[in-house]
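Two complexes come next, and they have one chain in common, subunit A, joined by subunit B in the first and subunit C in the second.
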Partner chain A sequence: MNLRKYLKVYKKFLHTSLASELEYKTNILVDLITAILSLVGSIFLLSIFFQNSGYIGGWKFEQALIIQAIYTILNGITNTWFNPNLTEIVKHIREGTLDFVLLKPIDSQFFISLKKINPSGFLEIMLGFLLLFFCIRINQINLNLSFLTLSLITISCSICILYSLWFFISTTTIWFVKTWNAIEVLRSFLYIGRFPLSSFSFSLRIFFSVFIPIAFITTIPSEVFLGLSVFWKILLEIIVATIFLINSRKFWLFALKFYSSASS
Partner chain B sequence: MMSNLINRKIFTLLKVQYSNMLEYRVEIALWAISGIIPFFMLNIWTNNNLNESINISNAMLSRYFLCAFFVRQFSVVWVVFSFEEDSLMGKLSPYLIQPLNPFFRYFAQHLAEQITRFPFALIIAFFFFIFNPESIWMPNLGILLLSIVSTFLSFLIQFLIQSIVACICFWTEKASSIERLLFIPTLFLSGLLAPVVSFPAYVKSWIYLTPFPYLIDFPANLLSGNETNISGGLIMQILWIFILFPLFKKIWSEGTKKYTAMGS
Partner chain C sequence: MVKNIIDVKNLSKSFDISSKEPGLKGTIKHFFRRQTKSLKVIKDISFEIKEGEIVGFLGANGAGKTTILKMLCGLIYPSEGSILVSGYLPFRRKENFLKNITLIMGQKQQLIWDLPPIESFYLNASIYDLDKFEAKKRIKKLSEMLEIDEELFIPVRKLSLGQRMKSELLAALIHQPNILFLDEPTLGLDINAQRNLRKFLQKYNKETNATICLTSHYMKDITSLCKRVICVHEGEISYDGKLDLLLKKLSPVKEILIVCRSEEDAIKLENSGFTVKNKIKNEITIKIENNSITSSLKTILNNFDIEDLFINEPPIDEVIGKVLIKKDYDV
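Our next item is the complex of A and B:
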């Protein structure tokens, strides 16, 4: 692995995909309005839940807003990097163009995970950060170094888990060819990341922390922000993220053995 | 003679599309699974005893959300995505030459997909009843027929709205981002995530003038036996169809004049 070479290649990726995406400027504006509306919508839904009760699963409204903020940031990251690239895998495999990727003197996972970028997701990330700063103010959170490092670690772990989940599902395309709808299933499951895990029933809580670790993605970072997190939870998240990352790599290499080009 | 010909056309279209859809059974099953968000919402409602404040019993609320799931399953529309692809790839040109509006083809596609989807939706409902045995009920025949009609009307409204958006392709090429924008109010205001009864008064005062509550909330209330204004709801649904249909015809005739046969 030559880090310098990969950085250089990534710069080129950024340049080409930004250039092609900025062709549709009105699209970006529409996407921004969509992101704002969807945030307003989920806060509206949350306010319905809190209409007649002060606590949902032990979380106050101001605290639950932090989860919304973190979800919005992660969703922005998904829309910027994961979604455009990993839906591309489906296309590569169906049309047989994965051959060209595999022939390149560069790591194939690197290539297909980072080739494209969708700039409208940036706006969503910024929106999420705005809400996060607002939450830090209304919840009177003291910013200090240890808190910042912990929140940075947990959020990066969430990003790793999210990436691995997306990558897992997209990789199964090698066997099933069309996995568009599997991605939809993942999307709808991820949707529950907008709410505190403790607001669900016990069985769903187990399901969403063992089988699909959505619980780790938004709830643990939010707990860090509120100073409620316990050390073992953070450690567990780091372990889960590492396991997921390593396995996504292994799974990709395993799946490639089964890849038989579309036209041959 | 004329009506006979039309009948034959519709029948052939349906048959072709149904066999087409049967090929993608797994896809459609996955798609059905991706619609289970209402059940997660139900879990939040009942687990936090939020339904007490809106005077709906647990059993009635579970029926509501199950019906919302069903109505959503049979009113999903994706015409804008098919149309955008066909228009960008230049596949639209041969369709335009045929003496049949291409939207009939999409319409048949949707109906065929609903028929394929039906058994999967039943299986999901079966599992729902295993977990919530207290919510089993049998609507009487009249109500069942009326709710099938109102679900179909809801499907028609959404099909017309999306077809209008799809026709914007003739001007901007990428209309799916506008559809994603429109999907946000549909998601939050239609009653898929929370019944409209639970909305705060400042929203309830105007929401019944928009088409949204008639998409899911009204048919779901009807089917589940919750309180609703049956004749008023049906009249509003038909009214919206009468508003949207001429609009669609107008934009279609304007758009086909603009069509420049991309990709060929």
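Our next item is the complex of A and C:
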């Protein structure tokens, strides 16, 4: 793989998608307001849950806010990259424009996963980081190199798991053509990631760890921030992320063999 | 000797197609128990295309032309048989193979809708690993050939269909491919835009010796660009050869309208042994076989007092129409 070429192409992707989005100023403004209101609403909801009891699943409100911050960062990443690109796969397959992607001398998964960006998602990422820094202060977390490395590793793994899950569902479009509903179900499961895993019943914990690993996405990085993490959990998240990423790749290449293109 | 650039042997393709009965009952049945059957859309076809050739694929809707084109460029896996394009197995989609080909579809577009075409050109240039200077040079050359200039800087959504198609062509040719797959490139264009596009393709073929495989329902595209046609009927090749030979075989006679000086001459001509289609006063229409046109006209001009004459070619659409509905053409 020619890294220089891929960086050059990604720079072009950034440029063209930013230019496309900036054509519609009002839309960006509405998206920005939605991002702020959504975060305020989520914190408000979380505070209601903690009103009667100081702890949920052994987590204090200030600690649970870390999960909310990580969720906001991941949701921002979802809105910036995953949503504009991965939902487009369905359109590409239904309308047959995937033909143009497959005939380019570039990796098709790279192309369809990163071609577009939604700049309003950046605000959500920034808000998430602001909330995270606020949480670091109120929880008196000591910032050091190992802590930062572990945070970076676990958040990167979360991004990989989320991307792979979404990409996997979008890829099934090659057989089922319409999979909007499955993506909506995934998004609604992601909302669950705003709450600590330990606040759920045992069966749900198993479900969200094994079948749809939402738990890995927010809870484990949050535990790292709070110094509650255990080594095996971090290792498990790395293994799960690697398996998911490799399989999403294999699944895409396998699915392409069944691509029949849309009729003209 | 010109080498083969496309080599297809015993190619077949089957698709699983689901069918549904009409009405609510049929819909419910279709939802719970989908009945699929395998449909062979391409049946054991073989052909070769030489470097620099322009070949037209003719056939009715659903005959399998686009499926052939998509297998040639590697979008669809063949079910049986082999394809070699420029020495590559297309469905492997190797980088060097993809740098050699392009696909242009009249009904689909790759340009970024909200941005001027120039942005899409530079994006494609980076994908094909062209530096900015080279990309600029190619865009300039192709835009001159396509006669587009200001349109390059207007958002795609505001361009006319003709301008958009020209821009699509430029985007698809920026990497200077030597094999072009064109699927109905003139679809929906007005007569002038169609002519300009054909002119451009001829020029491109002449300058670069690129091989062009074309499907079109506009006969003018085929007659002005392709010396050779491959007729596809229900997934089988019904004719593969020179277009003019096909036309000659399909319409072996020409109709000649002769205006005689007097009605007497017309009567004399009517009784001279030619096949007469009709006669109105001093105007007579006769049918002459293509291979005896010169000698027959010489006889008529020497023996009769002729005021004027018109040679009528049968309409090409009518002639080609026969190919689209018939399975075998023994030419």
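Just so it is clear, the second predicted complex is superposed on the first by the 263 of 264 C-alpha atoms of A that agree within 3 Å, B and C clash if a C-alpha of one lies under 4 Å from a C-alpha of the other, contacts with A are read in each partner's own complex, and residues count from 1 in each chain.
To be clear about the criterion, a contact is a pair of C-beta atoms (placed from the backbone, for glycine too) under 8 Å apart; a residue touches a chain by one contact, two chains touch by 3 or more.
Not measured: the values here are computed from a predicted model.
Asker: Who does A:Ile136 touch here: subunit B (first), subunit C (second), both, or neither?
Answerer: neither
Asker: So in the superposed three-chain picture, is A:Ala255 touching just subunit B, just subunit C, both, or none of them (first/second/both/neither)?
Answerer: Neither partner.
Asker: Check whether A:Asn27 is in contact with subunit B, with subunit C, with both or with neither, and answer first, second, both or neither.
Answerer: first
Asker: Looking at the overlay, what does A:Leu114 touch: subunit B (first), subunit C (second), both, or neither?
Answerer: Neither: A:Leu114 stays clear of subunit B and subunit C.
Asker: Counting only touches as set out at the top, which of subunit B and subunit C does A:Phe100 meet: first, second, both, neither?
Answerer: Only subunit C; A:Phe100 stays clear of subunit B.
Asker: Mind working out whether A:Ile238 is in touch with subunit B, subunit C, both or neither, as first, second, both or neither?
Answerer: A:Ile238 sits against neither subunit B nor subunit C.
Asker: Is A:Ile43 touching anything from subunit B or subunit C once the two structures are fitted on A? First, second, both or neither.
Answerer: The answer is neither, since A:Ile43 touches no partner chain.
Asker: Subunit A residues in contact: does subunit B have more, or subunit C?
Answerer: Subunit A has more residues touched by B than by the other partner.
Asker: Check the residue A:Ser199 against both partner chains and state whether it touches subunit B (first), subunit C (second), both, or neither.
Answerer: first
Asker: Which residues would you name on subunit A as touching subunit B in one complex and subunit C in the other?
Answerer: Touching subunit B in the first complex and subunit C in the second, residues 24 of subunit A appear in both lists.
Asker: Subunit A touches which residues of subunit B in the complex?
Answerer: Touch residues, subunit B against subunit A: 24, 26-28, 30-31, 33-37, 40, 43-44, 46-50, 53, 172, 174, 177-178, 180-181, 184-185, 187-188, 193-194, 198-200, 203.
Asker: Considering the complex alone, what residue numbers of subunit A touch subunit C?
Answerer: Interface residues on the subunit A side: 2, 5, 8-9, 11-13, 15-16, 19-20, 23-24, 95-97, 99-100, 102-106, 257, 259-261, 263-264.
Asker: Can you check the complex and tell me which residues of subunit C touch subunit A?
Answerer: Per the stated touch rule, the residues are 15, 66, 70, 73-77, 93, 95-96, 98-99, 101-103, 105, 107-110, 112-115, 119-120, 122-124, 126-129, 155, 183-184.
Asker: Which residues of subunit A touch subunit B in the complex?
Answerer: Going by the criterion above, the answer is residues 24, 26-27, 30-31, 33-34, 37-38, 41-42, 44-45, 47-49, 51-53, 56-57, 176, 178, 180-182, 184-185, 187-188, 191-192, 195, 199-201, 204.
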